[in-house]
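Look at the two complexes coming up: subunit A is in both, with subunit B in one and subunit C in the other.
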Partner chain A sequence: MKRFRMNSLLTRRPALFALILLVLALIINFILQPNLFAGDTLNSNMRVFLPIILLAAGQAVVILGGGIDISVGGIVSIVNTILAARVGLEGSTEAMWQYVGISLLVGALAGAINGFFVAYLRLQPIITTYATSFLYAGFALFILPNPGGGIPASIAELYRNTSPLGLPLAFFVIAIVLGLWWYIQSTRYGNYLFAVGGKAQAAYETAVPVTAVQFSTYVISGLMAAFSGIAITMLSGSGNADIGSAMTLNSITAVVIGGTALSGGVGGVAGPVMGAITLGLIQNIVSFAHIDTWWETLVKATIIVFALAMPGIINLFRRRE
Partner chain B sequence: MKRFSISPPVAALLLAVILFVLSGLLPNGYGSDLDIARAQALNILRLAVFLGVIAAGQTLVIISGSEGIDLSSGSIVTLTAIATYVIVNGADERVLPALLVSLLIGAFIGFLNGAGITFLKISPFVMTLGMSGVVTGAIIIANHGNVSGKVAPIMTRLIARPLSPEFPIPNALIIWLVFGILMWLLLERTTFGKNLFAIGTNRVTAKLSGVNVTAMNLAAYSLAGALAGFGGFLVVGNTGVVMIQLGQPFLFPSIAAVAVGGTLLSGGKGSYWGTMAGAIVLTLITSLLTTMQMPDSVRRMVLGGTLLILISIYGRQRSLRQ
Partner chain C sequence: MTLSLSARNVVKRYGGVVALSDGSLDVNAGEVVALIGANGSGKSTMSKVINGVVVLDGGQLLIDGKPAHFPSPQAAKALGIATVFQELSLIPQMTVADNVWLTREPLGAGGIVSRKMVNARTEELLALFAGTFKTDLRPDLPVSELPPDEKQIVEILKAISVDPSILILDEATASLDSRQVQRLFELVNKWKATGQAIVFVSHRMEEIFRIADRFSVLRNGKTVGAGMIKDITEKDLVKLMVDKASVFSFARKSGQKDEKPVCLEVSELQTRTLRGVSFNVREGELVGIGGLQGQGQRDLLLSLFGDIPFAGNVQYNGEPVHFRHPRQAMKNGFALVPGDRAREGLLYIRSILENMQLPSWMRYGFPLKIGKAKKDAEQTGASLNLKMASLMEPVSSLSGGNAQKVVIGKWLMRQPGLLLLDDPTKGVDVGTKAEFYALLTQLCDEGKTILFYSSDDEELIGLCDRVLVLHDGHIKTELVGAALTKENLVSASLGVAEGDEQ
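The block that comes next holds the complex of A and B.
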C-alpha cells in the first residue's frame, strides 16, 4: 500500500523522480569532490552544464507536444560556426551582440523549417528532423570547414566568470527559463500543448489549433538550441562544426530522466532541466571516481540505463504484490 | 481513395534507376561505356548489401509498432565485427563459430533491449539508445590495447569477391537475395510475421485475438539484434579491418532505408523489399555524391534534402481532418 502511494506520486509528479536522482547524484558527487559547492567549482560546473540544460528545455517542449527534435545538435553547430566565423577573436563587442541576434533568428528559422514539415506536411518527426539534422550539420560545415575562428576573449570571460550576487550566471538563466515555463503552463497555450501531446486527434476535435501548436514547439526548440549554441560558443571560445552532434542524444536522455514521457503530453520542463544537471553530475562522478579511462563510457552508460530503468523497476515490484 | 499510386518499394527502385542513368551524364560518370556502367551498378548494389542487412532488424522492430526502433544496431555491428575479427583470426574453420557468436551476441543485446522495453516499460528509443551507450563502452574495453585478428580468406572470397570471372556478380549480392527471400518468408508466410504485423497495428486487438504480445516483442528485438550481429559479420568480411566507428555510420541510414522503403514508422505496415530498395537508393545517393567529389558539407546537405523530399512524397501521416 505504501509502495502504491509512492508510485501514484511518481505518476502525478513526474519531476519528483528527477529530483530524487538529482539529489542522489549531488550527494555522490559531493562525497567524491568535497569542494563541489564552493563558489568556483559550482560556477565552473554550471557553465559547462548550461548548454545542455537549455537544449533539454527546448527538447522537452517538443516532446511534450508529441514530437521529437533530432536536429537540435545541428542548430547548435550552425550557431557556433556563425559566431566563430563571423565575429572572430578580434571582433568587437557590438559585432558579437549583432551576431547573437542573427543566431537567434537562424535558430528560430531552422525550427520553423522542422515545424513546417512536421506540422503542416504531417511527416513523421523522427525521420524529418533526422533529415534536417543533415541539412543543418552540412550547413555548419559549409560555414566553417575546419575548426577555428573564435569570439572576443572579453565575451567569453563574461560568460565564464559573471556571478551576480555570488551565484553562477547559469542559475539566473535557469530561473528565467523555469519562470517562463511556469507562466506558459498557466496560459491557454500551455493547456493546448498538453492536449496536443496527449492525443492530437481528440485535441483537434475539440477545436485546439493542433497544427499551429505543433509548429510552435519546433520554433521554441530551434530558439532554445540557438541559445544553447551561443552558450557553448562562449564557453569554448572557438568554432567547430561538429560541436553539436553529440548533444542531441544527451538532450533527449535528459528529458527522459527528467520524467517527461517520449509519448508526449506528460511531464514538464523543470524535470528535464534537473535531468540535464544529473547527466553532467554523472560525468563528474565518473571522472572523479578514478575509474580506468577505458571503462568510463561503460560505467557512465550503465548508470544512465539504470536511471532510465528505475521507474520501471519500481513499477515491476509494485505489480508483484 | 481511387487515385493513381505506386507502391513505395517500386517508387524507390525507380528513383534509384533514374538517378543511376542520370549519373552517367556527370563529367566523370560512366558516359557511354556500358561495361563501366555495369561495374559501377554492381559495386553500388554490393555496398547496399551491408546497409540492407543491418536495416532488416530495424524493419522488424519498426513494424512491431509502439514507437519501435533500434538505436543500438550500429554499436552491435561494431561489437560483432570485432568479435568475428578476433575469433576467426585468419582461419577458415573458425568462420562458422564466429558467425554463431556474432548472432548470439546480437540476440543477447537485442533480448536485453526487448526485456527493458516490455517489462520495464522504457520507450524503445531511450532503451536502445542507452543500450547503444553500454555496448559502445564494451567496445572501447574490448578494443583497448589494439585488437589483433584477421579475417579468413573464405570470408573475403564469399563476401567481398565476385562469383567468378565469367559472372562478375558479387557474392554478397547473392547472399542478400537469399536473405531477402528468407525475410519475405518470415514476414509473409509465418505466424511470427502475421503476429508481428498484428501487434504493430494494434496491440490491444492483437492481445485479444490471442497473440502473446510480450513474447512477440522480446522475439522481435532479439531477432533484430541477431540480424545486426549478422550485419557486423558481413561488414568485417568486406572491410577486412575493424575500427571503433565501424557500425555507427550505418545506424541512421538503416532507419532512413526503412522509411524510404515505405514501412510506416508507426508500425504495422511495411515490407523488407521496401527496405532493400531504400538501402539501394541511400547507398546510390551517397556514392554519387562521393563520385562528384562534393565537399563533405554539400554531401550532407544533399543527403538531408533528398531524404526530406522522399519522405514528403510518401511518408505523410493521416490528416487530422480524416
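The block that comes next holds the complex of A and C.
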C-alpha cells in the first residue's frame, strides 16, 4: 500500500506551502526592488512586518488548539492607546517600560476573558471573540477617543535603529518566538495542544485537561497581541484606537497561508510567521508595481480564498483519478 | 496493581433520557466480566461511569470496598482504569506513537518529549500484534492513514500501555478479523493471569463464551442478571437480554434456486482495491460476501451502487449497466444499506419520517402529500416492528437496532429488486438481528436478490445460499452447500484455501 500522498506531505510539512509562497513573493519583490536585501531596506521592512508576525504567531496557537481569536486587533488597539495616552511624547523611559509591563498584563487578561467564555462557558469561539473584539475596541476608544498621544522619541528611535550584529532587530525577535515555539511543541503541553485541536472529545477521554489547554491558548494569543501592540506603537510612535482593526484578518490570513488548518490540530507557528512576512512583501509589491493600493486587499483576499480552497482542490483531482 | 471495583444502583440521565436507571457491576482482579445487553440498554454508559467520562446522577462506586468519586477521566486513569472506546479515542492527525502515549509521554531534559523513547516503546507494543497487520504499521504514521482494524488495535495498545488494573473493552473486536481477535484473546488471558480485571462489552455471543468468566446483563438501563458464564447457556443469556425470548435460529436456505434466471452478472470489476472480480447472482438468491476486513467488500458494494468509479462490466437483468451516480442505481431498483449507519445511512437530527422518505419524496407530488407519506412510512415501520414514539421523533432518539431498521425501511419503501447490504447487523442487538435474518429470508422468498457482506461468519454460514470469499481484491473461493462451513470460511479468509485458486 502506498503511504506517500500529497495530503500526508502537507500534514507532515505544513509550512511547505508557506515557504513556496514566501520565496515567490521574495523573487517578485526583488525584481521590483533590487535593493531588497540591503541592510537598511531589510531593517525597515522587517520592523514594519514584526507586529503582524507576532500577532500571527499567537493566532496560530489558538487555531492549532481548535479555536480562533477575532479579538486580537482589539487587544492591539488597547495596548497602543494605553501606551500613547499614559506614557506620552514627553514621558520618561522608566514610565514606558512600566506601561509595557502593564500592557502585557492587560493582553493576558483580555485573552483570559476570551478563554473563560470559550473554554469554561463553552461558547462558540468565532462569535464570542467577535463580540469581545468590539468590547476591546470600545475600551481602546474610551482610553483615547481621538488619535494622538505618543511615546518618547528615544524609544521609537531604539526600535528603529537597534540592529545587533548588523541584522534587523526583528530577526532576533522571530528567532526567540520560533525557539519558544519549538520548545513548547516538544513538551507534553505541545502534544495536548495538537490533541485538543485535532479531536477534543478523544482528548478528553484520554484524560487530557481539555478546558485548561483551550483557556491557555487564548491567554497566549492575548499576550502575543500585547507584544504586537507594543511593537506597532514603537513603530508608529503615536496612538490610534483604530490601529488594530485591520490586523485581525491579516493574522488569520497569515496562519492560513502558513499551512495551519483552520479546523485545528495541524500546522505550527513557523508557517504563519512566513505567511506574515509574505503578506508584508505583497504589500511592498503592490506599492512598487505602481498600481492602485486597493489592489492589495484584492490580492490578499484572493490568496486567503485560494489557500482555503487548496485542500479541496487537491481532493477534487484525486477523485478524478 | 490489582483493584476491585463495584458500581451499585447507578443512575445516569442525559437530559430527559434515562440511560441507566439501576445499573450494577462488579469487577474483580484476575477475571473477565462480560457486560451484555441489547443496543440502548446502557452498556456504553456503564463503561463511561466506570472510567469517569460521565459523572453519575445516582448510586455509588466502590473501589476496594471504599466509596469513590470520579469527577473526570483523569481520576479514573490515575487508578489504572483504561478504556478501549467503541468510537475510538484517537486523534486522527497525530501519529500512532503520539496517540498511544498521549498524557504519559516519556520526558527528557527540560520536559521535552523523547520521540525516540515514544517510538521505541510503541514498537514494543505493536509487537504484541505482530503478524496480524495487512500494512506496514509504523509508530510514526498518522492514525488517519490507517485502515479501521489497525486503528482499533492502536486504540487497544493505547489502553494497555497504561498497564491498567481494570481494562474496559467496549466493542473492541468490532473491526478486527478473526486472527486479530484470536491474538487479543490470547493477550486477555495473559493479562488476566497477572491480576488485571477486564470488562468485555460485546454483541458477539461466540466471543463472550470464549473469553468471559462472568456476565452481567443490562436491559433498558437495569441490571437484570449476573452470574458465571459456565452456568448459563447462550439461549438463556439471550432470554435475559430481550424481554421476550426471541432466540434466533437461522431459517435455513430455501431449496433450489438454480432454475431462476441470472439477474446480476459482474465481470472483471476493478477499483482501487478490487483487482478483477467476476460472479453471477440468480434472482432471489442471498449471496454472502466474506473475508477479512478491508479486502474490497465495501468497494464492491459501493461500485455496484454507482458510488465510486470502477472498470469492468456489469449486467443487470440482461442489460449492461454502468452507474456513475447512485441516482441511476436507485432508478434501476438497487438499494444500498451502507456500512457506517451514523455517517452514510441516516440524518440523525432529522425525523424518522424524513429519513424513511428521503429516497422517495419525488413520488409524493408537489405540494407533498404528507398524509400519504406518513401512512406509507407508518406501514413500513410497522412491518419492520420499528419501535418509535412517533414518526416525527428524530432518528437520534432510536437505539442502534431501530435506527438500522429505518435505513432498511427507507429502501424497502422503494420496492428494490437488488439489495446491497454492507455489514447491516454490526452493532445491532441480538433481538433485532433475529428479526433481520427473518426479514432477509422473507425478501428472498419474495424474489428479491440480496448481496450481503458481513463481518460475522456465523451469519454468512447460517443465512446465505453461497458465500464469495474476498481476499486481497480477488474472489478467493466460492463456498456452496456442504462446503460452506466455518472452517472453510476462516481458512479461505486467511488466503490459505486449496482448490478454486484464481
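Everything that follows uses one rule, which is that the second predicted complex is superposed on the first by the 282 of 321 C-alpha atoms of A that agree within 3 Å, B and C clash if a C-alpha of one lies under 4 Å from a C-alpha of the other, contacts with A are read in each partner's own complex, and residues count from 1 in each chain.
In this text, contacts are C-beta pairs under 8 Å (C-beta built on N, C-alpha and C of every residue); 3 or more make two chains touch, one makes a residue touch a chain.
Everything quoted here is computed from the prediction, not taken from an experiment.
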Task: Contact breadth on subunit A, by residue count: subunit C or subunit B - done: B
Open item on the list: By the touch definition at the top of the document, which applies to A:Tyr204: first (subunit B), second (subunit C), both, or neither?
Closed with: both
Task: Partner chain(s) touched by A:Leu235 [first = subunit B, second = subunit C, both, neither] - done: neither
TODO: With the two complexes superposed on chain A, say which partner A:Thr302 touches: subunit B (first), subunit C (second), both, or neither.
DONE: first
- [ ] Considering only touches as defined above, state whether A:Ser186 meets subunit B (first), subunit C (second), both or neither.
- [x] second
Open item on the list: For A:Ser133 in the superposed arrangement: first (subunit B), second (subunit C), both or neither?
Closed with: first
- [ ] Determine, under the contact definition given at the top, whether A:Leu16 touches first (subunit B), second (subunit C), both, or neither.
- [x] neither
Open item on the list: A:Leu249 in the overlay: touching subunit B, subunit C, both, or neither? Say first, second, both or neither.
Closed with: first
Task: Common interface positions of subunit A, toward subunit B and toward subunit C - done: 201, 204
Open item on the list: Under the definition above, what is the set of subunit A residues touching subunit C in their complex?
Closed with: 1, 3, 5, 8, 11-12, 183, 186-188, 190-192, 194-195, 198-199, 201-209, 265-266
Task: In the complex with subunit A, residue positions of subunit B that touch it - done: 67, 69, 116, 119-123, 125-127, 129-131, 133-134, 136-138, 140-141, 144, 252, 255-256, 259, 265-266, 295-305, 307-308, 311-312, 315-321
Open item on the list: Going by the contact rule set out above, which residues of subunit C touch subunit A in the complex?
Closed with: 51, 53, 72-74, 76-77, 83, 85, 88-94, 98, 102-103, 105, 107, 110-113, 134-136, 141-142, 145, 158
Task: Of all residues in subunit A, those that touch subunit B in their complex - done: 68, 117, 121-124, 126-128, 130-142, 145, 200-201, 204, 210-211, 241, 249, 252-253, 256, 261-263, 294-302, 304-305, 308-309, 312-313, 315-316
